[in-house]
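Beneath this line is the structure, given in structure tokens, with notes to follow.
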Amino acid sequence: MQNALQIVWLVPFFPLIGFLINGLFRKQLSKSLIAVLGSGTVLVSFVISIWIFLQVKNGNSHVAEYFNFISAGPFKIPFAFQIDALSSLFLLIITGVGFIIHVYSTSYMKEETAEHYGRYFSYLNLFIFSMLLLVMGANYVIMFIGWEGVGLCSYLLIGYWFKNTEYNKAANKAFIMNRIGDLGFLIALFLIIAKVGSVSFADVFSKASTLSTTNITIITLLLFVGATGKSAQIPLYTWLPDAMAGPTPVSALIHAATMVTAGIYMIARSNVLYSLAPVSQNVVAIIGLATAILAATIAMKQNDIKKVLAYSTVSQLGYMFLALGVGAYTAGVFHVMTHAFFKALLFLGAGSVIHAMGGEQDIRKMGGLKGKLKITYFTFLIGCIAISGIPPFSGFFSKDAILLSAFGHNKILYGIALFGALLTAFYMFRLLFLTFNGSFRGTDEQQHHLHESPAGMTIPLIILAILAFAGGFVGIPELFMKGGDKLSEFLSPVIPVQQGDGVSSSTEMMLMVISTVLVLLVIIYTWFRFRKYQAVEEKGLGKFLANKWYVDELYEQIIVKPLNKLGAFLNNIIERSVIDALVNGVGKLVNYGSRQVRLLQSGQVGSYVLLMVLSMLLVFVIQFFLRK
Amino acid sequence: MSITQILFWFLSVLALFSALMVITSKNPVYSVLWLILVFFAISGHYLLLNAQFLAIVNIIVYAGAIMVLFLFVIMLMNLNKDNEPQKNKWLKLAGALAGGCLLLVLVAALKNAETKSAVAEAGTGDIGLIENLGKALFHDYVVPFEISSVLFLSAMVGAVVLGKKEAEHAN
Amino acid sequence: MNALIISAIWGVIMMFSGILLKQKHAIRNVAVAGLILLLLSTVLEMSGTIFFKVDTKGMIVFDRFALLFDTIIFAATFLYLVLSARDMEKVGINYAEYLALIFFILCGITIVASFKSLLLLFLGIEIISIPLYILTGSDKRNLKSNEASLKYLLLGAFSTSLMLMGIALIYGATGSFMSENIAVFKGAPSALLIAGMTLLLFSMAFKASVAPFHFWTPDVYDGAPTVFTSFMATIVKAASFIAVSRLFDEAFGYLQYQWQLWMAVLTAATLLIGNITAVFQQSVKRMLAYSSIAQAGFMMLSLYAMNTDAKEGLLLYIAAYCLATIGIFAVLIKMSDYTFEGFNGFAKSQPLLAATTTILLLSLAGIPLTAGFLSKFYMLRAAIDTHRNFWLVIFAVLMAAVSVYYYFRLIQAMYFREGNAPTIQVSPVFKWTMVFLAAAVVLLGIFPNLLLYWFYF
Amino acid sequence: MIPVLFIVIPLVSGLALFFFKNEKAGRSWALFSSMITLVVALLGLTLHPDNKYLQFSADWLGSLGSSFSVQVDGMGQILCLLTAVSYPVIFIATWENQYQKSNNFFGLMLLAQAGLMGVFVAMDALLFYFFWELALIPMYFLSSQWGGEKRVQATFKFFIYTFLGSVLMLAGIIYLYTQTPDHSFGIASFYKLGMLLPTPTQNWIFWLFFAAFAIKMPIFPFHTWQPDLYEQSNTSTTMVLSGVMVKMGVFACIRWLLPVVSIASYQWGDLVTSLAVTGILYASLVAIQQDDLKRLVAYSSIAHIGLMCATIFSETSIGFQGVMIQMFNHGINIIGLWIVVDMIERKCATRKISELGGLAQKAPSLAIFALIMALANIALPLTNAFIGEFMMFNGIFSSKITHYNVIFTVLAAISIILAAIYILNMIRKVFYGNSNAVTAAAQDITWNQKLVLSVLVILIIWLGVYPDSLLNLTHDLTDTILKKSDVLPLLMKH
Amino acid sequence: MPINYYIFLSLALFAVGIVGVLTRRNAIIIFMCIEIMLNAVNLLLVAFSKMHHLKQAATLATAGTNGQIFVFFIMVVAAAEVSVGLAIIVMMFRNVHSVDVNFLNRLKH
């Protein structure tokens, strides 16, 4: 039966078209046209995504095969898309938020020349395209294509301002760190192929139960390695903060809508496997939590507005993995969604601030902006509230779901997670207050330059603010409202709803109150601490945190330097003085032998005869007396 | 022991001794003379083996012609004094040793060849007579005989080529 | 038989032509005519037309192998004369005599190519050697030439006496000089026979300049007038190889077990000495001298194996080797400077000659699509077919790789090194002959059967 | 008939070139000839591998048991296509390059093409050896005549090195030939013989052959000729060398080594694979250190070839197919890289990465093409190389004949990270950042270069998205080879 | 006389000749030593011919002739060789006024 969903290829198709047109004809097209193309294509995909979403909501799901991608004898990998609850949801997030960011970019990037403007949007479209491939792929290989595709796009966009060497280094770092993760993913793939003989989700999950636990554990762990790369978890998170090198909307895109959520998506998608591998689950949970805390602590001491947000992202991702780790896949996905809203909001807000500050990113040089940037301030505030998890904002519901399931899983985890939540509130509001409250600390000409951003930027902010506020209502806990948890209901075909997390509704209620109260306390504390900014010399722990736990330096010392040393050693010593020397040595040997042997040719008749006689003697002796 | 045996031993000793003298005597002229003695001794052996024709030819060709040629050349170059530069004695020793060893090895190898029973009885048979040899030469061996003429021709040409003064080179 | 007698007669004619004809080119034409006659008569003899009916008492038999070899040799000599005869004038005044001697040598070659009696082997070898002593010394004012000829004479005479001792011992063991009688000799090989055979092996090794009896070769080839070196290094050497193969095939075939090991050892030694020593030479002439030893090493493989493949291959090898070496020498003779540097930039001044020389060098190095490759191929195949001493084959190919080094040095000098090689003027005939040589080498490299077909038909 | 055309067209036109007087005409003639070859190759691609037009056999050295039998099977189709495609691309891309005595240059190039084609289609061991060398000789002259100042030595080293290998192979070939019951060089007899040979014999025969192939590919530690040669010889030659010629080694392993001496290949497989894997990491690490663009590409090429070699000895169907398609992909990609390098060199008169910078501003199109080539080189998905490497890694991983498949795969796969490091650093240092004195005057590329690069890019993407267009050529061949090189029944026998 | 005596004698003469060649520097003397070697061979051949004659006289009257013929040819060749050899030595002497073979070392290596 020709399923209506067969046409889903249109969703990635349009961004691709946008990419091609903007990419090839960027010199010819006018900026406005580029903007229209860039955003328009995404809008179209968004519309289609909505249609698909509705289709899926009506219980329609489909795997659309198009052609043989790789085929070797019996083994075939089809180029196929899979549309079900999970992917359709992500489609919405990606295209929706992506579209908003596109719109925002149109005005944010105005200063760029047409050519680079075109380049920017083509990259953006390609980004969307890759992300769509990633979530729509009906098997791990297609997913991997998108997986590496987003890596590429992040590389391109982070290095967008290619004249700046630092930015380019950041771009390389992003790509290479991703590659490390991808390696894990790749090997997991081979293992799957070797064990299952297929990579399509359907086969893998159906045969999963037949695999040995060890295999599944290894597979899932390797997949998780991939996830740590993409979703910036310990130990591969350091690229994400550096990724701030790109234009702010790009950061928004990377952090909110696309790239970093890939890891979550992949694990959520493979929930069947993970559920069969408790060990991996614990690893995921622990790594996630650790990352959450680590990033949060770092975020507390950052002064670059974008860096703070970046680390907050890392930390939030940590929460999501925690959720996945404790088996609350829905909660994880839920948080992805809400996080997409408020993190996009925050980033775009930050972008607007930076825009107003004429490129300034250091919050110590800001302050008191709420007067000038009303909308930005307001929306940013909403974002902060949402991320801090204050009801009834979206963040509250998702984060609460995570905490709850963590509690149900293990009290200690819960405790730490809660602590992390408080830290979140702390650094977010620190950011907010330092930026918008107090007195302006920038230069005078910045002061004059200050202005609210154009509509092209504020409208997306407002939309996102609304979403950030209301986004949580799709997942209201049963406690408040029977069947309020639309999300898990919607996702149930993909992610089986775990019945009863062993937490009585009263405890649940209590936990919510505790967390909320604590968060509020923290916010109040922050208010008093940062209402008036006074510069303080960081020392001790503070310095340690401000320097991000010196992780970058550590990596530099234990990985980069040794690798270079090794390479230099091989290149200068082994290659030149050993291998090549050996090869040339043979030639030299022959030459030397030649020089020696020709001394036999002494030119003396006598010696010639003598040599002849001696050799005759030798032969006779052997012939007659030694040889039998 | 019989007279032939005595003769054999005498001739053998003579041949060897004079051969040694050839290679040891300082003065080339003496060498030539000793060599002639070697040839005579060998001719004597030929006679014992009654190869009369060869004995004569040996005397005529070798002792007569070739050795005289040698003598002429030596005189022409007036090398008839014993100031010939000597090889250093180590080389000489090495040479002597090598030659000696070769002799030893060959002798040791051949001393019990299956021919040791066979003898070359002296004083019998007539194949050595010029008549028989002539028959054989011009009946069976005519082709080699003719061919050897080519050898002489080339030797002749050689003499011309090497001997003739070169006019255009001279001036 | 035709060739033998005609070559002898023609030698005499050449002697007289020296007196009767005044112009050098007239003499040259007589010689060339003689060679054409020789070639024709040999081909005719192959097809059964024999001018002279001589009862040789079976001492010399012109079988197909011998005749095919003669044809190759005469063809090679023909090309040699066409290319280099003019250059003999520079050697000395006795132009006609040189040519006469060359004809006598050819006569000797026909003998050693088809002897059945050790007596004729001995005579043939002497007929080859004595004129060579003379030709080597023909440049009388040149001390190197003198030295070369005296060395050659002394060592040659020495080896002759070795050979004679060998023959004597064999005679003692078998009572005959005829190959077939020696071959039918029954019973366990007597010490006399083995000793004689080994001595013969040494002396033949000397004639074929096989290590460790090769010492005369570089000096003599170097000292002799280049034009005669070319002749010695190719045609004469080929002859001595044919002689060895005949001797050890027909007379000592049944003793193969006894001599095969020594052949292997000599082969290895020759390959090693020839190739290794050639690497360091600075003079192309001397390099070619050593290369001729190296090539001899490869030809030895056929003597080592001594089966049908080997004999076929030997003919092919001789053809390939003669063609290539004669050509290269012909170019070398024209050069003023014999060092490698002398050839720098030769390709610029003489593109055609450089190209042809390169092809010939490639053939010597044994690159496929040249006769040199197929001939080496035959040798290796024969050697492998013996199913023992595979190390020898490996060693041979390694040495072949080494040989590339010095052959390509010359190519590099001609093509890739800046320099001002003299623009030598050569006759169109010369050029076309060189082209013909190159073409022949390539043709034989692709269709060896053009030659080997005659081996059977 | 087609295989004969493959050989004859370049051969004849190449020889003809030596008699051309006019240089311009010579160039055009060379391009024309290569175009014809390409057309023929495309025609051949449309036919099914066992089509009779893809086979030809004529009596040649009957007495030697060798015949002029050629056939284009699936692998042949791919490699001949590669050879046929690369030549016009190279000619067009380097159209402006001036060579003195350019007719000789193009003549030799075409001769080399004839040799390469011959190697890929020869079905007779002796014939194979002939072409093996015929491809080598023109290369020798090309790279010692036209190139950097140290070119002669570098080429000489390369030549003697490879010649050494090939003569050893020759010894092996002759030995096998003498062993064949019907005294024939035909590949069929060789395959039959493979079943009969006792294991010890196979073992040293294996090394005789493998020496030649390992040097040609080259496999660590036989690779040292390559960077010097690539650095020294002129770019067109380098393109042929690295794009097509190194494939001879890989190809020969599949066609002449595994099926013939299968037991030995099985027994030495682990050793060879470890060498190859070592080479992959080694070359990648060394590549990171290179400052000369050509050397960098050379080492990356060593790494890639090493992967192919490792895969071959894992003896899996998917691996074989991966190798076969990757041979094509690698050819395309590296030629693309060379073209880029060549343009950089001609625009900036240097290849030192440290001296370059900011080219992206001066030559955006070049930068984009370079980026694409680079990404293809690091096997990004949706580029052709990804397909090949994915299949090859998969092949190694799923290998049944080694116990170390996992280790091999993991180690080899590390190279995708290292590759990313050196390639991206190269891109960054050369194209990004601010332009400097060296690159200030650089112009963007011209239409013909855009044309060829676009063609290459299209090929890259096309094969990255729809590799089946080539993959389905090699199914049957892979199975046959696998059957031949399947050692288990033989191990039973011996 | 047992044939071995002849064998040993001629081998001894032969060896003496070789030793001479090895130990002397005068080209003419060396040449003479070679003549000694040739004569040793001749003697051996004659002895053998005699031996074979005695062995086969019954069957073949002319048995052993070939040996002596061979000797004859050896003499012939020796004569030719000597003439040429001496010519060469003389030519050499004309140029360097010495017959010392140790002076012959322009050609080496």
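As written, the chains take the letters A, B, C, D and E, and residue 1 is the first residue of each chain.
Heads up, the rule we're going with is that contacts are C-beta pairs under 8 Å (C-beta built on N, C-alpha and C of every residue); 3 or more make two chains touch, one makes a residue touch a chain.
Keep in mind that this is a model prediction, so the values were computed, not measured.
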Minimal step count in the chain contact network, chain A to chain E: 1
Distance-maximising chain from chain B - centres being C-alpha averages: A
Chain pair with more C-beta contacts, C-E versus C-D: C-E
Central chain (by mean CA position): D
CA centroid of chain A to CA centroid of chain D, Å: 37
CA centroid of chain D to CA centroid of chain E, Å: 66
Approximate Å spacing (C-alpha centroids) for the pair chain B, chain E: 5
Gap in Å, rounded to a whole number, between the CA centres of chain D and chain B: 71
Contacts with 2+ other chains: residues of chain E: 3, 7, 14, 17-18, 21-22, 25, 30-31, 48-49, 51, 55, 63-64, 66, 69, 73, 77, 80-81, 84, 88-89, 91, 101-102, 104, 106-108
Overlap residues in chain B, where contacts from two or more other chains coincide: 87, 91, 94-95, 98-99, 102, 106, 109-110, 113, 115, 140-141, 144, 148, 151, 154-155, 158, 162
Set of chain D residues in contact with two or more other chains: 160
Listing of all chain pairs that touch each other, if any do: A-B, A-C, A-D, A-E, B-C, B-E, C-D, C-E
Interfacial residue positions of chain C with respect to chain B in the complex: 4, 8, 11-12, 15, 54, 56-57, 59-60, 92-94, 97-98, 100-101, 104, 107-108, 111, 117, 119-120, 123-124, 126-127, 130-131, 133-134, 137-138, 140-141, 169, 172-173, 190-192, 195
Of chain B, residues touching chain E in the complex: 4-5, 8, 12, 15-16, 19-20, 22-23, 28, 31-32, 35, 38-39, 42, 45-46, 48-51, 53-54, 57-58, 61-62, 65-66, 69-70, 73-74, 76-77, 79, 84-87, 91-92, 94-96, 98-100, 102-103, 106-107, 110-111, 113, 115-122, 124-125, 127-128, 132-133, 135-137, 140-141, 144, 148, 151-152, 154-155, 158-159, 162-163
Interface residues, chain B side, partner chain A - complex: 87, 91, 94-95, 98-99, 101-102, 105-106, 108-109
Chain E to chain A touching residues, read off their complex: 18, 21-22, 25, 30, 101-102, 104-109
In the complex with chain D, residue positions of chain C that touch it: 362, 367-369, 373, 377, 380-381, 384-385, 390, 393-394, 397-398, 400-401, 404-405, 408, 412, 415-417, 447-449, 452
